[in-house]
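Each of the two complexes below includes subunit A, the first together with subunit B, the second together with subunit C.
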Partner chain A sequence: MKYFFDKNGPLVSTYFIIAIIFWLVFLIIIPQLYMLDLSFRPNLPPLLRGGPDDVHTLIHYKHFVFGSETNTERFNYVDIGVFFNTILTAIFVTIINLCFCYPIAFYMAKVATPNTSRLLIVSLIIPFWINELLRSFALRILFAGEGVINNILLGTGLIDTGINFIAMDIALYTGLTYAYILLMIFPLYNAIESLDINQLEAAKDLGSSPFRTHWRIVIPHAKAGIASGCTMVFMLTAGALATPVVLSSPNTYWFTQLIYQWFNMNDNWSRGSAYSILLLTISVVFVLLMMRLFKVKIGEIIK
Partner chain B sequence: MKSQHVLNFLLGIYIFIFFSYLFGPLIIMSITAFNSAEFPAITPWECFSWRWFSEGKIAYDGQHLAGLSTDWRLHDGLISSLIIGFGVVCLSVPIGLAASIVLTQVHSRLRTLFYSVSIMPVLFPGVIIGISTVVLWDRIATIGGDGLISDLGRNGIFLTILGQTCFISTYCFLIFVARLQRFDQTQEEAALDLGASQTQVFFKILIPYLRPAIASSAVIAFLASFENYNTTVFSILSDQTLTTVIASKVRLGISPAISALALVIILLTLIAAITYEILKRREDKKKKERQDLLLFEETQDSRLKREMKGSFRMPKSIFLVLALIVVGLFGFNQLVKNGLYGSECVKAAEIAKKSKFSDQLKLLQQNVGTVDEKSLKAGELGGTKDYNNIFGDPNLFKNFGGLDNKSPNNSSNLFSID
Partner chain C sequence: MSADVDLQNVSVTFGSFYAAKNATVKIQEGEFFSFLGPSGCGKTTLLRAISGFLEPSEGKILIGGQNMAGIGPNKRPTSLIFQNLALFPLMSVADNIAFSLEVKGVNKVQRRKRADELLELIALSGQGEKKVHELSGGQKQRVAIARALAIEPQVLLLDEPLSALDLKLRQKMRTELRAIQKRVGITFIYITHDQGEALTMSDRVAVMNEGELEQIGLSDAVYNSPQTPFVATFVGENNPFYGKVLSTEKNMVKVDFQGNSFLANAGNIDSSKKHNFSKGEDVILFIRPESIFIKDKNNKLDNNFKAKLKTIEFEGNLKNIYLSTNSNMDVKFSVPNAIDTSGLSSENEIELTFSSKKAVVLPKGSLAVD
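The block that comes next holds the complex of A and B.
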């Protein structure tokens, strides 16, 4: 500690300590811990808080599994269904994104000339400076019942009646894939770029097919990038709120929308917190899984 | 060799599809901003107009559809977004700076823990950061009683600044860490040996070295704050930012004014990107010229000098710009030719819609006159056979303006988020 003060001088040290404690303790740790605590407490009006009724309880987690007391079914199929639907869709979107982005990232990193690839990077970034809501809105114009795609299909006579893309959730999946595609491309690009091109040529000279080269050389090399991209895309997709708000059909809920509903519509903050904790848990589990699966450190995932 | 050609060709097509997937929706959205119809669409093209950028329109059924310049909600939201963005920059850049410098000084075992905790907020879903900030500060406000703390704890803008700072600081932190990795520690030692105090080293050596990182992290922090929705929607409480206003607009009735707003943002982005690219190229060119000059001086080879002089080339991008201008002129010409531009066209469309509306009304009134008591009791009235299927006509409701979210195709969520 004394060493720290000596090294930075009193003024700067004080600033460092205040800034870091403010951030780590007041902005990161305490809010999360308090939310965790709140999720184990019953939903009470402000006056009763701290009173005899304010005890720890599992009521909100029970509600997630078994539903409300008037529920006749065995489990709370609606909420559990939404939860697993969200996770499965997020995994699906992540895989689609990975397949989509891999060729582009490879092209930018190894095939294109430096000027072309810089141009591509700039043009990739431009759409992502535009608000996520507005991007979803653009897709909504495309996919609406009277939207552009339906009109084109009807006009060319491919279909007779309009397809309801929003009710079929096609719009939602496209929107989610569209929303975070950049976060898949850049880690992949960075990882593939560091690969020595001589390795690729050596593989080719030794008679390896392009597919085999990718499978045995490029993908193992880009492991950290793949892990990082997948984690980011999964996290953001599972925690997305803007895209589902704009694009999801009336009978599909995203888990974040459920949280929102408990929190703002029903004013049940502690249940909202409990559901948030569930979302947080699944996110953490996914990160740990990716770290295990690809044998990378957490520092390599976020760069 | 031939298969290589085929492969490259396929790759080219793939890249083309990929980029049209990225840009197609944005381009179409931009075009809809100029359609004077109430619903953002291309194909039932009414008239070319600027109305969504200026005053919007008042539909004949009395509903007001605001344009960009008259929408006070958007203006209020924009102002609070700017305040929040400024606050977030002021907090998160110093925090990121402090954390990244301390990271280089702590012991290696502590470092891993410190680093993990610092990057955790990026892995948290934004929703959760918003919620945790709100619940904590609500509690603090309750305990703190009346006065400043209570006011702060229930102030949406203050809470949003804190919530966004939580994860935006991590972005800044990562930028600073990347820059600090290339820092030459000997500079610090040299300054200390020459008698500088620790504080002087920080301000005279470290800060100037980190200046580019400070600038870029400030820009990124501001942009991230400006377009954040997930955290803001919880922590803003009763206030509104630009994104929450957009969200409620998108959900409530989708209006071309949002397309107009998007177009403005797209253009600003494009201008920023192009300026950045030009500046960067100019800098690169200067650097290259300087190197060439050095090389020339070293070798005294006249061949290099000649090449340097004749180096003016037409940039390829000029063709793209020319093509865009030609397409734009052609499209505009077509619009004028077909009478799809100008106030007369808008007027004509209004009249057509009004007369259609009054026709439908007349039909309804006629049918009221011919109600047959017997069939009313039998419940045979009111179906499509009486009203010529007008309820099945989607155009009827679409042209009301604003009612479109009632038709099944465009209905939004059951949850109303506003």
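The block that comes next holds the complex of A and C.
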């Protein structure tokens, strides 16, 4: 601590400490703890809060598992279904994203000239100046029944009847994949960039095919970047709201949409909190599990 | 198995810049051949062309008589050792060595066996499980050699692999490299800017400057009879005396250097022919620091001149003595450490002497800048 103060001077040090404490305590820990507490309390009108009925209870978590009291089925299949559908789709989107971004990142980091590489980075970043909602709507225009893609396909005679991209959730997957592409590309790019080009040449000189070079040299080297990108994309995709609202088919629900409904439409903050906590917990557990599986340490990801 | 490497008028251009120009040399089977030159002289470019990472813009490269045009580095009978070695840091030592076998689909047991054999060759038996970062600099060096030898190349290409090592280790590795080459018997092509390395290890040396091969020859021939002023000053040290030809007889030239007349050998144009000088021609006479002596009754040679002492530099086994002639020409000469130099002072002029047999005269040209 003394070293920190000596190194940065009293003014900067104090600023850092206050800023970090404020950020951690007020913006993350307190609201999350409040939500956690709320998720274990019944949904009461303001007047009854703090009264004798305001006790800790598991009813919201019970609701997620077994449904409302009027539910005749054994489990709350609807909510559980939406939950796992969200997680599985998020995994799927993360994998697609990785497959899609890896070649781009590799190209930018090791193949392209510095100028081309810069140009590519700029052209990746600029579209993200447009906000997420607008980008989603733009994709909706592309994928709609009477949309650009259908019109082109119909116009060129490749298909006879329009494809319902929205109902097939192709629009949703595309939108989700595209939404967080930068968070995949940049960690990958950073990781691959630091690979010594001689390693690639050495592998080639020893007779390695490009596929094997990637499998044995590049991917192991970029593992931390891959983990970092996948973690961010997975977390954000599972927690996305705008894109599913705009692009999902009428039959597809995203878990965040349920959370949103409990908070806003049903005015049940306690249940909304419980659902949020569930999503957060499962996402974190899943990520930790994957990190253990691929032997990545959290410290490497931050690098 | 070993193969010869035949470069025929090989040029490599980047845009309009010739990184290597018209290189023609035939490297024999089983030979230890070095390309020696300053950084940026194009030696690495030539090596990359031989290994297949670059295609020559002109000319052709034959390995074992076969034209290599259009054949990629993974398909050539060559193996390259990189300057930074480029070992794979995330693999064990044995996996590094056996990588080329893994590529070929050789099974694990066989791979392990071959890796163990090679580990024995490089005197690292039983260290196969270690990670690369657990090895010392010299050990890494040897692992890189073993990895390159695992594919049983006919030609091993080495791109200044010793440059990262400290002096002692470098000297040890020279001997070791040479011994490994003798043992495996394949052609070694070695790139270096360090003339000591090139001279001690190689059968033949090619000295390169600005993309061109200035001289190709046996190590001692390159040192003793340089064919260009660049080679004379790049390989070892040399004192250049700029002068004019007074007369020539047989293979000797008499040169006027600021009133002194020196006799010296006429330099070679190539391995067999000598330069033909005409009277009055501008030439440079080269004499090495170890061939100049202080004149006394024991040392009296056929060329003599006077100079003033500037400084004496202690270099372990040698003392380097820097002088300047009355026309401000700097001269350096070295004496063994045991020689007493306390009598020398900057007050008096010192009389120096050197033998005509040790001096070489070459047409005026650019020197190696240090």
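Methods note: the second predicted complex is superposed on the first by the 275 of 303 C-alpha atoms of A that agree within 3 Å, B and C clash if a C-alpha of one lies under 4 Å from a C-alpha of the other, contacts with A are read in each partner's own complex, and residues count from 1 in each chain.
By our rule, a residue touches a chain if its C-beta (ideal position, glycine included) is under 8 Å from a C-beta of that chain, and two chains touch if they have at least 3 such contacts.
Everything numeric in this text was worked out from a predicted model, so none of it was measured.
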| item | value |
| --- | --- |
| When subunit B and subunit C are modelled together on subunit A, clash or fit | fit |
| Partner chain(s) touched by A:P220 [first = subunit B, second = subunit C, both, neither] | second |
| Which superposed partner A:D196 touches (first subunit B, second subunit C, both, neither) | second |
| Which partner reaches more residues of subunit A (counting touched residues only), subunit B or subunit C | B |
| Partner chain in contact with A:Q32 - subunit B first, subunit C second, else both or neither | first |
| Which of subunit B and subunit C A:Y107 touches, first, second, both or neither | first |
| First, second, both or neither for A:D205, with subunit B first and subunit C second | second |
| Included angle at subunit A between vectors to subunit C and subunit B, based on C-alpha centres and rounded to the nearest 10 degrees | 90 |
| Distance of closest approach, subunit C and subunit B, by C-alpha atoms in Å | 5 |
| Sites on subunit A touched by subunit C in the complex | 196, 198-199, 201-209, 212, 216-217, 220-221 |
| Contact footprint of subunit B on subunit A as seen in their complex | 4, 6-12, 15-16, 19-20, 22-24, 27-32, 34-35, 38, 46, 49, 100, 103-104, 107, 111, 120, 122-127, 129-142, 144-148, 151, 155, 162, 164, 166, 178, 181, 210, 231, 235-236, 238-242, 244-246, 248, 250-251, 253, 256-257, 259-261, 263-265, 269, 272-273, 276, 279-280, 283-284, 287, 298-299, 302-303 |
| Residue numbers on subunit C that touch subunit A, as the complex places them | 51, 53, 72-75, 78-80, 82-84, 86-88, 90-91, 99-100, 102-104, 147-148, 150-151 |
| Contacting residues of subunit B [partner subunit A, same complex] | 7-8, 11, 14-15, 18-19, 21-26, 28-29, 32, 39-44, 94-95, 97-99, 101-102, 105, 115-129, 131-133, 135-136, 138-139, 142, 162, 165-166, 169, 174, 197-199, 201-202, 223, 227, 229-230, 233-234, 243, 246-247, 250-251, 254, 258-259, 261-262, 265-266, 269-270, 272-273, 276-277, 394, 398, 407-415, 417 |
